[in-house]
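For reference, the structures are reproduced in the following blocks.
In what follows, chain A forms one complex with chain B and a second complex with chain C.
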Partner chain A sequence: MEIMRLVVTGPVGAGKSTFIRSVSEIEVVDTDRRATDETAQLKAKTTVALDFGRLQFGPDMALHLYGTPGQFRFDFMWDILIRKAHAYIMLVPANRPAEFRNARRINSFMQQRSAVPMVIGMTHMDCEDAWEMENVAIALGYLDLSKAPPIVTVDAQDPASSGQALMAVVRQLMQAHLKPRH
Partner chain B sequence: MGINSAKLGAVLQNFATGTSDVQGVALVTPDGLPLASSLPGGMDEERVSAMSAAMLSLGERIGTELTRGGIDRILVEGEDGYAILTSCGQDAVFLVLASKSAKQGVLMLEIKRAVSELKLLLI
Partner chain C sequence: MVISGYLSDFSLPEILQFLDEGSKSGLLAVQPSGLGARAGVASSTALSRHYFIWFNEGRIIAAADQQDYRGLVRMIAQRKWMDESKLRQLISQCPSGSAFGSFLKSQNLLSADQLRLLFSTQVIRQICALFELVNGSYQFVGTVQPPFLEMTGLSAPAKEVILPGLRALDNWSTLAEKLPSSSSSLIQNLQSQPELRLNAQEAQVQGLTDGRMPLQQIAKQMALPLETVQKIAFRLIVTGFAEEVPLATEAEARADTPAELESAGTTGIRQGFLERLMGYLNQI
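Right after this comes the complex of A and B.
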């Protein structure tokens, strides 16, 4: 049995915990605490250590999903989790442009520590004020879409949509295994 | 909300200076924000706070998942000293950093006393 560790990261309120709850087969291990910072305006609870979920993927592969906290003060958790990850997905709330800068910062944090394949998942795309995918990519620093990592639309509340995003990550992972980049 | 920060700070200061072998203390919210602290130089209050919250929440989770019940404290014992996390009511977490030479029994008692004092200030 092969175990693949996938990290789910992204800024506050992107839907990381919701995403993991949507796809996990086991009851998710969460570390939610009542939010008392600016996060409280967005939601009542926030992750302070990690979320953990599991998904059986075919007969001989299990996915272990690790969700990170979104706030920068928890960057030591990002560091712990990304170092052992085989791939990661960064969720970005398309309707909150103020978070794009944070997403970019998280992404560069991850890439400084790890060269594993990644996928960008755009959440909240059904919101009226959601940005177009191309524009979000530019805001994240990917001026040329052909050089950007795969970008998918995710409804974190929907298991099917979240599952598809997960498939995109696994596909990236497989490709990276087939032709090592270095 | 009428939390008296000055008083919280004073209690922490008192604890840090009045308890032998204690090197630093911090009181933080369960979601990892600083309330008050008296830490050794070079330690970042915000980082310490976030770490304390993460550690306690994981510990509490272990307590329930692995059927250890409610968590009284989490103790990290390193080569150079202790880090002790104690839940301080619903709204705070109390962190104590002590040197290796600290007597654990005395330390625990002192922490218990400080926690009950701090709880009164947090109501």
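Right after this comes the complex of A and C.
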């Protein structure tokens, strides 16, 4: 079986579990537990280890999706997941500026450990208080959009939208293939 | 462009960093809903007051606590450098599109030193005092005319105001959640290395931004309280010198590794695989 491993990361409330559920063909294996800390104000359950989803698109080909916990106290899981990933997508809730710094921290963590292709998915862009994509990118430290990774809008509840985001990731991997190796 | 929210979510240093790094022009209005002890103004007055900070391409060009465009005139009159009637007359003579301070200097009515003092009082001290805000809301509007009558003609990158503002800050309660974790390390920010002068401790911490040494170890090495190092690290982060990198706990990682991943290799993905996947995703 040929498997591509994609990590879905991002801060609490970005829509990682929803994203995986919307595209996975199997019942997502989750490790959601009742949130007991400040996360409880945002949602009733939170991922404590990982979410796992799968897309099998051939008899011997599958995409595995691994969702990281958003909270920093579970950052040991980020390490495990990113080291085995072929690519990652970082979801950022555009309506929650309080999480921009956390998204930046998570991204620094991932980039320190892995040079795999990545895409930024902006979620909750339909919310009234959502920041414009360009401004979120600046808040994430991407001051020059021409040097930023691809940024896409994602409605994590919509399989088609999540699928489009996955296609952006695949395109990144394809481009990485085309780059000459030294 | 309009951005609004609460300082508890996106703190004033972070807003200033964003406006600086995004080279934004416009007006930032801040309305307090609670002030720290050092703000130096009666709370009832302060709470109903708005504070205004104008930006041009990421640089702060003026600040005021009223939007009547007379703040600079009041400051000059208070210092008895000119009386208000004379200043009113000069306002009518100031060419449109010129900073009032620059106009007064061109008429040899104010010196460069006097303008620098006015700018420091109007902008740097006023904004630094706002770092004491316990809570409040902000709104940034990108389409406003520069406040020519409030302008000395001088400007400063927002980061030049953040650094002294945070150095002087006593009450960090609003920023406590923003401080980098004691187990995090720092790496150099490759996108921006600002031309700001760091003090000795800041330069020492900056010298240890190797992405491996946690802040608690830096604190030990520098014989400083951990909180002091966290505050220094925060200053380096919001002024664009460094980025925080969380360091994972390796021991815990081994214990919780899913078996499926444990056995996974790190071989690349074939182009044919990606093409097939792309075709599949296209049909979702």
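The rule is short, and it goes like this: the second predicted complex is superposed on the first by the 173 of 182 C-alpha atoms of A that agree within 3 Å, B and C clash if a C-alpha of one lies under 4 Å from a C-alpha of the other, contacts with A are read in each partner's own complex, and residues count from 1 in each chain.
As a working rule, a residue touches a chain if its C-beta (ideal position, glycine included) is under 8 Å from a C-beta of that chain, and two chains touch if they have at least 3 such contacts.
Computed from a prediction, not measured in an experiment: that's the story for all the values here.
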> In the superposed model on chain A, is it clash or fit for chain B and chain C?
Replying inline: fit
> Which partner does A:Ser108 contact after superposing on A: first (chain B), second (chain C), both, neither?
Replying inline: second
>> Once chain A of both complexes is superposed, is A:Met61 in touch with chain B (first), chain C (second), both, or neither?
In response: second
>> Contacts for A:Val23 in the overlay, against chain B (first) and chain C (second): which applies, first, second, both or neither?
In response: second
>> Quick check for you: in the superposed arrangement, does A:His177 touch first (chain B), second (chain C), both or neither?
In response: second
> Who wins on chain A residues touched, chain B or chain C?
Replying inline: C
> When the two structures are overlaid on chain A, which partner does A:Phe76 contact: first (chain B), second (chain C), both, or neither?
Replying inline: both
> After the two structures are laid over each other on chain A, how near do the C-alpha atoms of chain B and chain C get, in Å?
Replying inline: 5
> Looking at chain A, which of its residues have contacts with both chain B and chain C?
Replying inline: 49-50, 76-77
>> For the complex, give me every residue of chain C touching chain A.
In response: 1, 3-5, 8-10, 14, 18, 21-22, 178, 181, 184, 187, 189, 191-192, 211, 243-246, 248-250, 252-253, 256-258, 261, 264, 266, 268-271, 273-278, 280-282, 284
> Which positions of chain A touch chain B when the two form their complex?
Replying inline: 29-31, 33-37, 39, 46, 48-50, 69, 71, 73-74, 76-77
>> With touch defined as at the start, can you tell me which chain B residues reach chain A in the complex?
In response: 29-33, 46-47, 49-51, 53-55, 57-58, 61, 65
>> Applying the document's contact rule, which stretches of chain A touch chain C when the two form their complex?
In response: 2-5, 23, 49-50, 52, 55, 57-58, 61, 63, 66, 72, 75-81, 83-84, 86, 96-98, 100-101, 104-106, 108-109, 112, 129, 131-132, 135, 138-139, 141-144, 159-160, 162-164, 166-167, 170-171, 173-174, 177
